[in-house]
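Presented sequentially are two complexes of chain A, the first with chain B as partner and the second with chain C.
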Partner chain A sequence: MVQFVVDVLMRASDLVLIAVGMSAIYSLMKFPNIAVAQYAASGAFIALVLQKGGIPIVVAAIIAVLCVGIAAVALNELLFNRMLKISSSTAMIGSLAVSMLASAVFLLAIGPNPTRFSLPITRPFRVLGARMTENQLTSLSITTAAILCFALLLFRTDLGRCMRATATNRLLAEATGIDTRRTRNAVVLISGMLAALGGICLTLKGEINIQTGLDLLLPVFSAAILGGLGNPLGAAAGAIVIALAETLITGINFGPAFGRELLFMPAAYATAGSFVLLVVTLIWRPRGLFVSEVKRV
Partner chain B sequence: MKKLLSFGVVLATLAGPATAQDIVIGAILPLSGASATQGEDQRRGMELAVDKINAAGGVLGQPLKIVTEDSAGNAVTALTAAKKLVTVDNVPVVLGEFSSGITIPVADYLLQQGRTHINIGSSSIKIRDLGKGSFSVIGLDNVSGAFGAEDVFKSGAKKVAIIAPNNAYGQGIVDAFSTKFKELGGTVTSSILYTEGQTTYRPELQQLEKGKPDVYVYSAYGKESATINRESFELGLNETPWYALYLTMCTADSEPQYVEGQIGMDLNYIGTGGADYHKSYTAKFKSDFTSTYNGFAYDGVMMMAAAIDKAKSTEPAKINVALAEIGKNYQGVTGPITFDDHNQRSAQPYLKLKIAAGKPVTN
Partner chain C sequence: MFDFLIHVTILACLYSLVALSLNLQSGFGGLMNFGQIALFGCGTYGAGIAYKYDLGFASGIVIAAGFAVCVGWAFAAIGRNLQEDYWGMATLALAEVIRIIVNNEGWFTGGAQGISAVSPLFPSLAGRMQQVAILWSCVAFLAVAYFLCRWLTDGRYGLGLKVSREEPQLALSLGYDVAALRRECMILSGLVAASAGFVFAHYISFVAPEQLVSSETFLIWAMVIIGGIGNHRGAIVGAFLLQFIFSFIPFFKDLVGLPTEFVAAARLAMIGGGLIAFMLWRQSGLVPERIGGTKLA
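Presenting the complex of A and B:
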C-alpha cells in the first residue's frame, strides 16, 4: 500500500511541474502551448550535456533551467505573440511545430539512445516498507519545493497578484496600471523554468530519450485540463489524479476475476488511462474538476 | 563517441563509391539504438572477415566491399536501408540485422526482391519459415529456450517470472522457455512482453514481483536491459536471483554493480577453429570480444564469400545453391555450421555463464 502511494507520487512528480507550467502559460497567453513538454526535455538534455562537459550537476541544472526559461520568453516574443494575433489555434499549431523541430534537434544533438546523469549508485532504502532511492527522494523534494515556491509567488507577492489579475481580465488589469506584457513574459519565463526543472527531476530518477517529451505530452495535457487549463495549482492536483489512474491500471491484479492467479494490464496501456480521463473530463466537466460551473462575469 | 565513430564508419563506407570491379554486398546493423553495442561488434566481425578475404586476393579475384547501413534499432529505418541497398547499391546479398523483429521484415523484403539474406544475429523461430533464400548462421530459439528452461529447473527453481521484448524474438523465446519449463514440472507465475524503447520498466517489474518467483528470467536488448537491471536494483528485485537468456546481450550495457551474480545462458561464440580469430580481434580492436555476436557476422561474410567464389557469379540464385552446398559441412569460428532443410543452422552449442567481478565467466 505504501509502495502504491510512493509509485503514485513518483509518477505525479514526473508530470506535475510540466503540467503547472503548461497551465500557467495558458492562464495568461490563452492558448495551450504544446512545446512546454519539449521545454522539459530541453532542460534535461542541456543539463545532461553540461554535466558530461564536467560541470557539477547542481550548476548544470541551474544553467539549464535559466536557458530554457529565456528560450521560452524568446519563442513567445518572436513566434507565439505574432501567431496569437491571428488566432489561438494558430499559436497552438505553431507550438506543435516547435516541439516537432525540437525532436529533430534532439535526434541530431543527442542521438536515439537513452541517457542519464552520471551519479553514484546508491542502494534503495525502505520507507514504511516501500523502496525508494536517494535520487527519487531528492527529485520528489525538489518538485514539492518548486510547487510551494510557485504557490507562494502566485498568492503572496505583487507579481502573483498581477498575474492573477491579468489572467482574470486583461483589459481591466491594464486599466489599473499593470504592465501586462511584462507580467506575461514573467509567467512564460517562470513556466519555462518550471518545465525545465520538471524534466531534470524526471531524468534524476531515471533516464530520458528523445521521445520522452512527446510521450509526456498526453498525460501532462490531461493533467492540465483535469485541473482546469489556466489554473496552475489545479494542474498539480490533476497530475496526482492522472498518476493515480495510471498506477491503478497497471497495478490492479485482474487475475481472481478471470480464475487465474495473476493477470495484469500490459504497462503500455497506462497512458490509455490518462487518455480516457481526458475524454471523460472533456465531456463531463469541460472546464476542469476544480472550476465552479458558474462562469464568472 | 562510439556512436560518432560508427556513424563515421557508415559515412566512410558510403563515401568511397565502389569501383566497377568491386564485389559489393550489403549489411544492415543496429549501429545506434538499444542494441548499438552488439551492432558495432557485428560490424567488427565483418571488418575482420573483409580484411582476411581481401588479403587473400578477394572474391572472384576482385576486392570485397560491404556497404553497411544503420537500422537505428527500428524496423522502418531498416526497411528503408534495405530498399536503398537493393535499388541504389544493387547488392546480391544482405547480412543482418540483430533484433528478430527487424530481421524478419527486412528478410521478407529481400526475398521478394530475389536477393540472398544471411541472418547473423537473430534467433526467432519465425526466421525458419522465411524461405530458402534466407540462411541462418546462428541457432534459433526453439533450442535455446529449452536449454535455458532446463538450466533454471536444474538449479532448483520451481516458480519463475519471465520478461522479454514484445517482438518476434521475445514472443518466441518466452514461448519456448515456458513450454519446456512447464513440461519439466515448474510454474511460470507471469510472463510479460515489454514495449521496446521505454525509459522506464517499473510497472512491468512490479507486476512480475507480485508472483513472488524463485527466479526472474529475462532477455532484453542492451540498453533496455540496462534500464531493467537498474530499476530491478532500485526496487530490490535483485535480491532474488536473475537468470538471463543470452546473458552477454543482457549485461553488455548495464552497470556491473546491478548485474553482479546474475546467471544465464549464451551462445557458444567461439568454436574449435576460433582461436586465431580471437587473436586477430583483440589485436585489431585492442579489447576482448564486446559481445558474442561478432563471430557470427564473421562467419556469415566468410561463407557468403566462399559461396560467390564457388558459384563463380554474383547472381543471388546461384549464390543460394552454392551457399546451401557449402553449408553441408563448414568449419566456422563459431564452431561447425551445417544447414538443415530450411537453410538454418542445425546445431548451436550454448554456454552456461555467470557474472563474477563484472565479467561473464563459465558457470
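Presenting the complex of A and C:
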C-alpha cells in the first residue's frame, strides 16, 4: 500500500511541474501551448550537456532553468503573440511546430540514444516498506518546494495578484493600471522555468531521450485539463489524479471479475488510461474538474 | 531512378488524399483534427485484417469503411460541445489510444509486429508494369477524390460547412444543423483518408502501428498549411511538394556527407519551420483559398 502511494507520488511528480507551467501559460495566453512539454525536455538536455562539460549539477540545473525561461519569453514575444492575433488554434499549431523544431535540434545535438545525469549510484532504501532511491527523494522534494514557492508567489505577492487579475479579466486589469504585457512575460518566464525544472527532476529519477518531450505531452495536458486549464494549482491536483489512474490501471488485478486468478492490463495501457481520462473529462466537464466558470462553446 | 520516382509519386498521391481529407475538415469545416492519422489507419488496418483472416479484397474495403465511419463519428461525437483547441487535444489523445490498443491487442491486429505480406494490388502484372499500373490507378483515384471534394464543397453542403466554420451561431440561425454538418464532414473525409490507407497497405504490403504515430498527423498538417488551407488544389500541391523534398533529403545527405540523424532532423525541422514560416508570412499558403470568385489575399 505504501509502495502504491510512493508510485503514484513519483508519477505525479513527473508531470506536476510541467502541468502547472502549461496551465499557468494558458491562464494568460489563452491557448494550449504544446511546446511546454518540450521546454521540459530542453531544460533536462541543457543541464545534461552542461554537466558533461564539467559544471556541477546544481549550477548546470540553474543555468538550464534560466535559459529555458528566457527562451520561452522570447518565443512568446516573437511567435505566439503574433499568431494569437490570428487565432488561438493558429498559435496552437505554431507551438506544435516549435516542438517539432525542438525535436530536430535534440536529434542533432544529443542523438537518438537515451542519456542520464552522471550521478553516484546509491542503494535504494526502505521507507515504511516502500522502496525509494535517494534521487527519487531529492526530485520529489525539489518538486514539492517548487510548487509551494509558486503557490506563495501566486497568492502572497503583488506579482501573483497581478497575474490572477490579468488571467481573470485582462481589460479590467489594464484599466486598473496593471502592465499586462509585463505580467504575461513574467508568467511565461516562470512557467518556462517550472517546466524546465520539471524536466530536470524527471531526468534525475531516470533517463531521457529525444522522444520524452512528446511522450509527456498528453499526460501533462490531461493533468492540466483535469485541473481546469488556467488554474495552475488545479493542475497539480490533476497530475495526482492522472498518476493515480495510471498506477491503478496497471496495478489492479482484474482476474476475479473475469473468473480468472490473475489478469493484469498490459503496462502500455497506463498512458492510454490517462488519455481516456482526458477524453472523458472533456466530454463530461469540458472546462476541467476544478473550474466553475461559465462554459464557452 | 525512374522506379524511385514512380514510388515517390505513388506515395505523394496517397498523402495528397489524406491531405485532401484533412483539408476538408480543417479548411472547410474549421475542425482542428489532430488525430487524422487514425482515419488513415482505419484503411491500412481494414486491408491488413481482411488479409490476415483471409476475407478477400472486397471485405477489406467494407471493414476499412466501417472503421472509418466509426472513428469519424466518434471524433465528431466528442467534439459536440468542445472549443476547437480542446477538441484538437481530444482527437490527438483518441488517435494515440487507438494506436496503443492496436499495438497491444496482438491476437487481433498483429501487435507491434504488424501484418506483413499483404497481397499486392495487381498480382498478375510483373515488376515495373505493376508499379506503373499502381501509379496510374493512384493518380486516377486522386483525381476522382479531388473532383468529389470539389463537388461537395462547391454545392450547398460546402457553403453550409463554411458558414458553420466562420459563424456557427449564424449557421444555426439559418437552419443548418451544425453538429450534423460536422459529423458528415468527419465521416466523409474519414472515408477519403481510409481509402488512401487501404491502397497504401496493399501497395507497401505491410501494416504496423508505427505507421500511426502522431507525428504523421503533424506532417499532414504541414502539407495542408503550406499548400494552402481551404483549397483542394493547395492540399495536393503541399503533399507533393513535401513528399518530393523529403524523398530527396537522403540524397542530399549522401552528397554532402552528413550523419544519418540529419535525415530525420531535417524532416522535423522542415515540418516545424515550414509551418511557422507560412503561418507568420503567408497565412493562405501557396494556393490560397478562393472566396466567391476572387482570391483571398
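Please note the rule applied: the second predicted complex is superposed on the first by the 286 of 297 C-alpha atoms of A that agree within 3 Å, B and C clash if a C-alpha of one lies under 4 Å from a C-alpha of the other, contacts with A are read in each partner's own complex, and residues count from 1 in each chain.
Following the convention adopted for this analysis, a residue touches a chain if its C-beta (ideal position, glycine included) is under 8 Å from a C-beta of that chain, and two chains touch if they have at least 3 such contacts.
Keep in mind that this is a model prediction, so the values were computed, not measured.
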Clash or fit, chain B versus chain C on superposed chain A: fit
Chain B versus chain C as contact partner of A:F221, first or second or both or neither: second
Touched partner set for A:P266, first chain B, second chain C, both or neither: both
Touching partner for A:L108 - first (chain B), second (chain C), both, neither: second
Contacts of A:T250 with chain B and chain C, given as first, second, both or neither: first
Which superposed partner A:R82 touches (first chain B, second chain C, both, neither): second
Of chain B and chain C, the chain that contacts the larger number of chain A residues: C
Which of chain B and chain C A:R156 touches, first, second, both or neither: neither
First, second, both or neither for A:E207, with chain B first and chain C second: first
First, second, both or neither for A:I121, with chain B first and chain C second: first
Where chain B and chain C come nearest after superposition, their Cα distance in Å: 6
Contact residues common to both interfaces of chain A (with chain B and with chain C): 111-112, 266, 268
Sites on chain B touched by chain A in the complex: 3, 32-34, 36, 72-73, 166, 189-190, 192-195, 197, 199-204, 206-207, 210-211, 223, 227, 230-231, 233-236, 255, 257-258
Residue numbers on chain A that touch chain B, as the complex places them: 3, 7, 111-114, 121, 124, 131, 133, 136, 206-209, 211-212, 247, 250-251, 253, 261-262, 264, 266-268, 270
Residue ranges of chain C touching chain A (in the complex, touch as defined): 32, 78, 81-90, 92-94, 96-97, 100-101, 103-104, 168, 214-215, 218, 221-222, 225, 261-262, 264-269, 271-276, 279-280, 283
Interfacial residue positions of chain A with respect to chain C in the complex: 31-32, 79, 82-83, 86, 88-90, 92-94, 96-105, 107-108, 111-112, 214, 218, 221-222, 225, 266, 268-269, 271-272, 275-276, 278-279, 282-283, 286, 295-297
